Structures are given as structure tokens and as C-alpha cells.
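In order of appearance the chains are A, B, C and D, and numbering begins at 1 in each one.
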Amino acid sequence: MWAPPLERRTPVSGAFLADTRLSEFASQCIIIHMTIRIAVAGASGYAGGELLRLLLAHPDVEIGALTAGGNAGSRLGEHQPHLLPLADRVLAETTAAALDGHDVVFLALPHGHSAAIAAELAPGTLVVDCGADHRLTDPADWDRWYGGEHAGHWPYGLPELPGARDILRSATRVAVPGCYPTVSTLALAPAVQHGLVEPEVVVVAVSGTSGAGKSLKPHLLGSEVMGSLRAYGVGGAHRHTPEITQNLSVVAGKRVAVSFTPVLAPLPRGILATCGARLTGSDDPRSVYEKAYADEPFVHLLPEGQWPTTAAVLGSNAVQLQVTVDADLGRLVVVAAVDNLTKGTAGAAVQSMNIALGLPETAGLSTVGVAP
Amino acid sequence: MWAPPLERRTPVSGAFLADTRLSEFASQCIIIHMTIRIAVAGASGYAGGELLRLLLAHPDVEIGALTAGGNAGSRLGEHQPHLLPLADRVLAETTAAALDGHDVVFLALPHGHSAAIAAELAPGTLVVDCGADHRLTDPADWDRWYGGEHAGHWPYGLPELPGARDILRSATRVAVPGCYPTVSTLALAPAVQHGLVEPEVVVVAVSGTSGAGKSLKPHLLGSEVMGSLRAYGVGGAHRHTPEITQNLSVVAGKRVAVSFTPVLAPLPRGILATCGARLTGSDDPRSVYEKAYADEPFVHLLPEGQWPTTAAVLGSNAVQLQVTVDADLGRLVVVAAVDNLTKGTAGAAVQSMNIALGLPETAGLSTVGVAP
Amino acid sequence: MWAPPLERRTPVSGAFLADTRLSEFASQCIIIHMTIRIAVAGASGYAGGELLRLLLAHPDVEIGALTAGGNAGSRLGEHQPHLLPLADRVLAETTAAALDGHDVVFLALPHGHSAAIAAELAPGTLVVDCGADHRLTDPADWDRWYGGEHAGHWPYGLPELPGARDILRSATRVAVPGCYPTVSTLALAPAVQHGLVEPEVVVVAVSGTSGAGKSLKPHLLGSEVMGSLRAYGVGGAHRHTPEITQNLSVVAGKRVAVSFTPVLAPLPRGILATCGARLTGSDDPRSVYEKAYADEPFVHLLPEGQWPTTAAVLGSNAVQLQVTVDADLGRLVVVAAVDNLTKGTAGAAVQSMNIALGLPETAGLSTVGVAP
Amino acid sequence: MWAPPLERRTPVSGAFLADTRLSEFASQCIIIHMTIRIAVAGASGYAGGELLRLLLAHPDVEIGALTAGGNAGSRLGEHQPHLLPLADRVLAETTAAALDGHDVVFLALPHGHSAAIAAELAPGTLVVDCGADHRLTDPADWDRWYGGEHAGHWPYGLPELPGARDILRSATRVAVPGCYPTVSTLALAPAVQHGLVEPEVVVVAVSGTSGAGKSLKPHLLGSEVMGSLRAYGVGGAHRHTPEITQNLSVVAGKRVAVSFTPVLAPLPRGILATCGARLTGSDDPRSVYEKAYADEPFVHLLPEGQWPTTAAVLGSNAVQLQVTVDADLGRLVVVAAVDNLTKGTAGAAVQSMNIALGLPETAGLSTVGVAP
């Protein structure tokens, strides 16, 4: 049984403290606190590192096993020098044995490795998969975009989608959304759900390089990335296209066609998505978006005239949105900014864990970015 | 046996020499060469600096007056430390008197200043305006997007447009296109000209910061720009929207609707434009683009599978293009990369000058970028 | 009277929770918590923004008045879009009246403005000055490097210096060190204190651009900064030279000569200082540094062979150090990394506040960086 | 009346033409020009790419064989998309057979591969080695810093060193200096040659990432490099230390001790070196440097008060210098900027070739940088 006051310990809640301080303090004296033991598989990668950065700030978590593939046997500090409190932890080999015996296991593994590991873990263990294996519902999509046999579909860790929280509340398995699908879906869901736009949307998302992970490819070298912009996976060739299509189609209740182009830009973190579609009528999109996200702790529609920047969400779990109408063309344009490693990956994983365990949804998560 | 004058004229054109060597060498033996005296107004800004960088490498040009506004009286080296051969030149006040008496005057001034200066220059002087004043044909567009009285329309310095070279050949006034319109127009012109796509196009163009000039605005500070992405002028609010619309509509012979969104990214130079539109039929866009640009010295359709990067065109006058079809959506997607200061501004100005003066079009211009 | 257990609520302490949980929980039931009301003058600048980012995560703080100069009257969100919980706060004019009535007032003002404001505040108010006004002890130094009358010397907010904590514990006024002096002093203090090196040191410190603040100067524009490196204040001309000299001379008990050169590099945050001096003997510097910083929560000597990076301390209050000996030259070389806005400014301010108020020194501060 | 062959030979040398025009024009009229056939081994790497970028602009060169190791068999355009005129060239395997039959062979190979290849080439072939194999004169240094048997010493391609041009004029083998040694040596040579400083110098050189080549190492990934600074090879551990020591000791006529620390910064190109030493007397260093470099086409002492930036020399063969005296310490401080790939590698190779072949030293080289 979990201690609400502990939620007050999270940095993000600093702003909400005043009104709740007394009740909080009173309740603190009568509850017993239990710590959640977590493990992270793939702790030497970018997603794993961001999970640990967030979990170190989580009031209810104790960090257990850290595992890796090729880096097993080395100190975490060699790979994640920014995680000082864990620098001397030695990485274990990624095996079910090493991960077993924890309340929560986060998987930050290459595609295709999650199902086998999860199958060996105790049924009661909450398994949160940051990989793609369990995101797609249609095995045909999996086969076309990733190839091979589909591992099956898990509850989808995008709580802001209609009905998602109910499913996550009872979940012991969670599929964390991809970074592009997260920002694209949140940018367009209210519009397609309320039929504001025709079911054909165009998304061009500019991303930092950490989304590609630590893979040693020439085009990811600093010398290649800095001072350059490159598009890739153009013409619907990127694996996140079917995931965005799936999300928006579910929300719309009908097939939504998605033209998606990712662009690689010279920054480590952040995605800025420009999303457009033809308006069906003259409804005011702004009021629809205001209603849709009024109660969401992490999705913020900016005041009119202010546009999102990725720097403003760096390291935070917030999504910043702005909507406008191109009157000449009768098109809706939504711009959204997210940190691909936080709300785009690790933050969504922690947010989903909080819901699944009945913790306050914002525990250990912040809406404050690190800027400049 | 080898022709010194020739290979020496334009090192950059090495690639195109072979076929023309003999005839040109012959001509060398009978012509007397006159050097062209040029002046640059706005020499301390980014466009002015790039003009001078290119003109220093131009075989037929002698650099005359350099003028500025607030920086008049100071050494060029204080503002353009990369232009060593001109470092000790002192900037004159921007006046018609200072600019008169040159064969060519390049204007790199804030919007609204070109017409008055040009009116005072000798009629025979070739005036090349890098500003927006003379780009738009419709006074109503000028009034809506820039405000005030329209200075009139000059021959448009985008030689790759159908018929443009004929107009430029006899021109004494040239309006250099905007950087976004250059890359967007070249990316979509063949498609709209041949009716491959419906007359509604979506352009999202990611740009480096030099396009904004040296203006001292907080959002252009290095601390704000680095590590961040920001959209601006969203929803058709950017002044380049009517220029792109004008270009594509002329090429298509009918109104083309343009949804244009610019995104600011952390690099000094370069624009990567992602351009899409719904296909009208099943023609093969690639062959259309191959034919359209087969003879263009500066527009390069890349081999299938290779995507443009801005680093590959840094400091060069080349445009790199790739086209593909999103079969699921029946959409054409074209990605184009350009250096906003070279082909996007100063290179187009020099290319236009070359045509207007009957010089080889590639004189002083390069298709070789500076990378990494 | 303050509540130690609350310190456990801070993210950074996640790593220290296990052993202290029970005693903490027990103690929690018997104390009364009181919140500290703070004000920030200069809230729209970089130092002010970082102060607020940290204070939002501080368990014992309530954020009161936010003031500014030219930006007074506007929403904080216009200037600090990353501070979502405070976005709608309106900035007041920076006056003593606006700042009065708070337990702590942080001053992040241009040089020369602190003394007058501080004089008008209630004597009991803790005033923490992030500016330079009260750092130098010698009025002659002030006059030479800043000019004008010296405002006097306040307790110096570098707790890691010998004896500093005792002075800070009873302080109602604190002068926060400059960013370069912080990293340079911590890198060299153990060596000069124990006479490991001759009293002439050479420091070359490479810095991100935020140290220059939001000042609108051409050389700070993104287009100028990105892709470039520039030295400035060379030859002992930088105002931080006398501060470093003062610190090291006090620690050494004799005059230490400091050759200091700052270099501006294309990143928003972070300073990497390379510090060298000739060794006096054959003592092992490493063991001296290990002892010197063994109990310091924020200064970390890295394992042999691992070198500091600024990314590893981004947004954290940690300093990462490595020491080595150049045997051929008999020189000590120390490399240190710090975030100029956190431990280099705002983090030191909060750390000093914690000490002055008897709070746990690490309250609201983290040793976890945001990387990559 | 104007001299076509001349102004056309080297646009970049426009600044130096005036005085030599007539005599050169005269010579043009009586000589038959032969084109120099060159080959580049390692054409897919950064040094190879920069060599080709410069050679494409060289008036007297024809580009022959391009070879590679692992990339043999692929199009150059896949690896060097910025070299459009050569995009369709297919890379041959790096063998003596492929490289033979050229007037000049440039070697841009990993250390240890040059000697074997060179031994198989015709004795008359000019071999310019961009690697380290033939830089060091002392086999013991080679064995200590690189290991294994010393390949021997070749004429050193730093023409600005006293006497260097005489040696290069008759050379058929050239060892191109390392990038750090180039900038460090040029920054300090006048001071040590004229005994202005004590023979112990401290160099901290901040570099872009391309100096590390295209090697696929995690710390060179864009995500790691951007937003970070890291020192490496600290304490005299970098292989360029003995080369700098060798250069300065030869110039000084006695052993000069060098404390060298390289720092990796987030930019692709450029090195900024801060170099200091204790002054021996009160001579005016500035006048010594003015004299030393008065006639050098590529080394520029900036006007007092102006400091070098790497952006100003990007893609150019120029070195920008500034000298000052720290009067408090009696130290000389010299700051120098260079492009590590141009003057730091490929530009020096071309400059050395020009001298060895009796071409104008500046042929194909520019003192104009690409900025911003």
C-alpha cells in the first residue's frame, strides 16, 4: 500500500504543495512506506540511462539489478558518467535470472528481445518494455515493418489516449510508445477524435540524435551530424509510421492515413513535430484542444502566439503544443515539442509504472525543463 | 595540349569543362577580357559577406565599393574576419554616390531600401537586389505581407524556372529569390508543371540561423538556439509563403495552394525542405525530375536511396534533391537541401549576374560543399 | 526550525535513502515543517531561471516574488518557457518593496546593483547575491577590474573552501562565486593548499555561452557561436582572474599567480577547465585530492583513466575532477567540469542558502546530470 | 589590360596578384602548361575528402586514381556527398599498382601503412603522406608514442618553418604535419626562435571532432559530442606532444619542454590553441611576430584587439594569430586558429606539393573562410 504524501516529494509537485501541505503532513504520520524494487535491462544505453536518471529522483523506488549486453561486467560509470550515485554499480549480463525478484523490470533492449525475457519473469512482475516488440496490434504490420513473428500486443503506455489509463491500471505488461508516435499522436488525437480534420494527416518531425541510440553508424558521428540536416525513412518508410497510423485510427474510429517524414538535426535530445491536415469545418480547434488536455499533467497547450521549443522540455516529461489554422488553405497546423528520451521513452515508462502500481501518476516526473 | 585560360577561369566548373574546352580555348585567343567592377551595399551582414566570399573567387570581377549602414566607417575585418583579403577595406556609408560608377551593384539591405537606391543609379548599371522588395508581382501581396507601397517587380533570379534565363539575359535589374522559396520551388516545380500532383502542397523547411541575419533578437542567441528546435511563422504566416505560391502557380499555370512551415534548427547554414503533395496519377516522378534537371549545372537529383544533407551543399551553389512516392497514401515526397546563403541568396545573385552579363553561368560558383 | 526528513524528499538523495529510511520516518512524525519564502530578482535571465528551476525542486521552499528590469510586467513563461509551473507568474519591477517580506532574496542582477537593494531589505533577510559586487575583498581589485566604489565583501559561497562552511552558517549575506573561479579554485585548491605545486598556475577554461547571459551582442548570436571557438579576455584581462587569484592565495597562505584564459565554445552550458602547475616534489597528488574531497557531496574525483565531460554534469550541482602528472615536465594537470549555471551559479546559491539556514546542504540539489 | 591566364590561375590568391601580374603574364606567354596527375589513397575519409575538395579547385591538377580500404568498390558519392563532380567515381583498392603512374600520390591512410606503399611507387613520384609515419626524426620517439619500427623521416611539410621551403623544393617525399603541431608550432616558433620565452611552454588546444577521423567510437557519436566538452590525452599522453616538442626544439636550437592538452569541443572543424610561456625579457613580442610572418601568405597576425576564431578560417588555409603579454605574470600568451582539415592537413599537403613542383605556393588554396 502506497504513501500519497510521497508524491509530494517529487520535484514536479513543488508547484502544487501549498494547498495540500497540512493534509499531507497529517497523513504522513499514519502510513507505512514500502519501496518498489526495480531492475533495468539495457542500462548502458540512452533509454536505460534516462530511466535511471528519472528513477533516482523517484520517491518510492529502489534501484536493483542493472544489466547489459556487450557492456556486462563493466562499471555503469564508464557508460553513464552523469549518473554519479550509481557510478560504481557493475552491469550484470541481461538474463531472466538477473532480472527476476524485482517488482518492476524495465526493458530497454534492441527490438525482438523483450518477449523471451518477459516470458521467464514471474507473472506478477510489472514488465515495462521500451522497445517496439509489443506496440503494434496487427501481426501483419509487425511482419511488414520489423519482420518475423509478432510477439503480441501489450497495454500501450500513452495514458493521455482515451481509455488508456483504465487499461494501464490493471496492467502487468506495458509497451512504451515510440518517440515519434508519442508526439505525433498527442498533437493530432483531439483533431481526429472530434472530426475536425480529414483523415489524412502530414507529419514532419525533426529530431535530435539520441533517438537513434548509441549505435555506431557513420552518419551518427558528431562530425557528420553537427552542421547538417538529413531526412530519412521518407515516403512512409519509417517504422513509426504504422504506430502513428494505429493510434490515430483508434482515436478516430476509422482509418487515418499518415504521411510521416523524420528529419535528423544537430542536437542530442528533442523532437519538434509539425502536423497538418485539412479542416472539415469551421469549429475552433483551440477550444477542442483546451478541453482535451485541460486535466493532463504533462500536456500543455501554450498561450496563443507562443510556439513550442524542444529546449523548454529538455529532460522534462512535458509536451508543449500550439495549434493554429491556415485560413487560406483551410488547414489545421499543430506544432508539438517533446524530449524523445523523457516523455518520448523513459518518462512515459515511469508514468505508466506509476499508474499500473496505483502511485500518483506524476511521481518522479517533472514538467520543468533544463534550459538554456 | 592544355588551355590555361580555361581551366583557370573557373576551377569549380572542372566537372563541366571537358566538352567545351576546345571551343572555349579558341575563343580565348581572340577576345579581350574586361574586368567587371562590382559594389556591395550591406557588406557587413551575412548576405553581403557571402557575396564577397564568392566574388573573391570570381575570375572576372574586381571588388569596388563596400558600404554599410550602422557599421560605416569601420574595417570590414571587424565584421567579416573570414574575408582576409578584404580585411582592411573601410566600409562607406550606403549612398547612391558611393555605389555609382560600378558595372554591378549588389544590394543586401533591409526590406524597403532597394528601390530608392536603385532609382539613383545609372540605368546601365546591373542592380542585383538580395532583398524582398522586387520579388512579388502582385502589389496586394506586398501590402499584405510586407506593408506599404509596392516597389514593383524585377526579373526573378531563379534561372532554373522555365523561361527565366531569357528574361535574365537582357536584365539590368534582378530580384534574388528568398532562400525558402528557392529550395521549395526547385523541389516542386517539375511536379506542378507536369501536373503530377494536385495543386495543394505541404512544405516544412528546417533552416539554420543565418537566414535571420545578424539581427540582435533574444531567440537568435547561441544559448537559445543550440540544443533547441522552434517553428515560427506557422499557419501561412511567413512572408515567403506568397513567394512560393507565386512561383509554383506561374509554373503550374494555375493557383497552387502552399502550406508552408519553417523550423529553426541549431546550425548556422543550410535548409532542408520536405515537400509533399497528393499524386494525380501513376506517372513516374523520378523520370520527370531527371528530365527537368538533366542540363542544370546546380540542381542535382541524387541516385535512388541517397538522401540530401545540408552539410553536402555547405558553401556550394548546388541543390541536392531526392524524390519518392508514398505508395500507401499516393503522395509525392521531395526532399531538397540548399545553403541558404549561397544558392539561397548570394550564389543565386552571382549566377544571375553571370547570365545578365553573358558570362559562363557557373563562373565563380562551385558545386563542391565544405564537409564535414 | 527545519525538518531534516524533508531533505530526503529531494531527487538527489534517492541514492542515500536506504540506510536512513527508518530513522527518517520516525523523525518525520515528531517535527513541524515550516516553508521558506524566497524571492528572485532578475527572474527573466539565465541565472534567475536556473535558480527557479532548482527552487521548484527544493522541498522546503515556497516561491514568492519574481522581479525583473526591462521585462517587468510580462509573464515569466515568455522568458522561461521551461518553467511551466511558474509560466503565468507576472514579473514585478525590481524594487526593495517587491522583494521585502521574504526569508531569502536571491539577486541575479547586473554588476553594481546588489548593494543598494540589499541595504533596503530587512537585516534578518538572507540575501544571496549571484553578481560580482561582493566577491572581491580588496577594494583596489574591485576598482581595477570593475571600476568605481567597492560595495564591500560578503561571506563567499564556496563551501568546499577550508573554513567556508563555518562562515556561511551564520551568514545573512552571501556572495556567490563566479563560474570560472568556482571550477578553477576547486581544481587547484588541494594542490596549492598542500604545496604540491609552485605558486604559479595556468588555467584555460572552455565555456558554453550561457555564462555571458542574455546580452544581445553580435558575437553571441547562434550563427556566430555555432561551429566556432574564440578566446577572450586573454592575458589576464578577464574579470574572474582576480577572484581566482584571491581564492587560491587564501588557500595557499601566500600569493598565487594565475594565468587565466577563457575560451567560448558552441554549447549552451558547461565549463571544462584545464589547470596546470609545476610540481614541487614527488608527493602523489591523487591521494591528496582523494582526501581533500572524500566527504564533499558535490566534488567527485573520477576513477583513474576516466576524464570529466561537461555533459555529465549538465543541470547537476556536481563537479567532476581528474588529476594526473606529466612526468616529462614535472607538472600537475587537473581537469574539472562544471555546469556554469548550476554549481557555477544557482546551485552554489542554493547550497549556500541551505547552509545558512541550517538545512541539509544537499536539499534541492542533484549530482545527477542530464545526458546525453 | 588584363591577364586571363593569371587571374584565372588562382582566384583565391586575388589578394596577392597585383605585384606579380606582369611578370607572370609574361611567363604565361612562353610556357607550355602540363597538367599534374594526382592520386589519393584513403579518399573516403575526412583527410582524403578535404584533399579532393582542394584539388578540384586547383588550376594545374587532374584527379586520377581514388582508392580506399573497406570502402573499395563503392561510389565516392556515398562517402563524400559534398564532392559532386566526383560522385560517380568508383573507389579502387589501395594498392601500389592502383596508385602508380601519377605525378603525385597523396596518402591519407591509418598510421603505419605509408612506408610500404611508398616503397613500391616510382622514385620520381611525389609522395605526400598525411599520416604520422614519417614526421618524427627520433626512432625512440616513434617507438614510445606509436610503437614498432620507425619508417624513417621525410621532409616536413610546414613551409613556414625556417629553412623548410629549401628542403621541400627538392623533395619527392613529404610528411604532412599533424593538426595540433601545425597550429602550436606556428603560434610559438617566433617566440622560441628569438628567445622571447623560457623553453617550457603550455598549450591547451580545443578541437573539432573531424581530427579524430571517421572512426566509429562511442565518444565520437553526435549525441555524446554535442553539448559536451572533454579533455583527452592529458599529461603529455597525446601522440602530437613529441611532434610539437621536436618542432619547437629545432627552431629554438635547444630542448623545449611542451605541456600539451587537447580538448574535444562540439564542432566538426577547427582548432583554437592557447599557448603560453614565461617571458625572458621585455622585448615586444608583437614586433617579432609581425616580422616573422610579414611575408607568409597563410599566417596572419590580427590587428591588436581582434582575437582569432575558428569560424573565420573554416575551409581556408589561413592561420589567424594574436599575441599578448600578461604583464602581472610576465607571460606571453598566443592564441591561434586553424582549420584542422585544411591548413591542419590537406591544405598543408597541397601547399607542400606546390613548392615541391615549383608551382605558385598558393595555387588552389584560399585565405577566405566560410562563415558564418
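Methods note: contacts are C-beta pairs under 8 Å (C-beta built on N, C-alpha and C of every residue); 3 or more make two chains touch, one makes a residue touch a chain.
Protein identities per chain, from UniProt: A, B, C, D = N-acetyl-gamma-glutamyl-phosphate reductase.
From a predicted model like this one, the values you see are computed outputs, not experimental measurements.
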Result of counting contacting C-beta pairs for C-D and A-D, higher pair: C-D
Centroid comparison with subunit A (C-alpha atoms), farthest chain: D
Gap in Å, rounded to a whole number, between the CA centres of subunit D and subunit A: 47
Whole-Å gap between the CA centroids of subunit A and subunit C: 33
Intercentroid distance (Cα basis), subunit D paired with subunit C, Å: 41
Junction residues of subunit C - those touching two or more other chains: 46, 210, 223-224, 226-227, 266-269, 309, 311-312, 314, 371-372
Of all residues in subunit D, those that touch subunit C in their complex: 200, 202, 204, 206, 223-224, 226-232, 234-236, 257-259, 261, 263, 265-272, 274, 276, 307-312, 314, 322, 324-329, 331, 333, 335, 337, 371-372
Sites on subunit C touched by subunit B in the complex: 46, 208-210, 212, 214, 216-218, 220-227, 266-268
Complex interface listing, subunit C residues touching subunit A: 8-12, 14-18, 21, 25, 28-29, 33, 35, 46, 49, 53, 55-59, 61-62, 75, 77-78, 80-86, 210, 226-227, 268-269, 300, 302-303, 306, 309, 311-316, 318, 320, 366-372
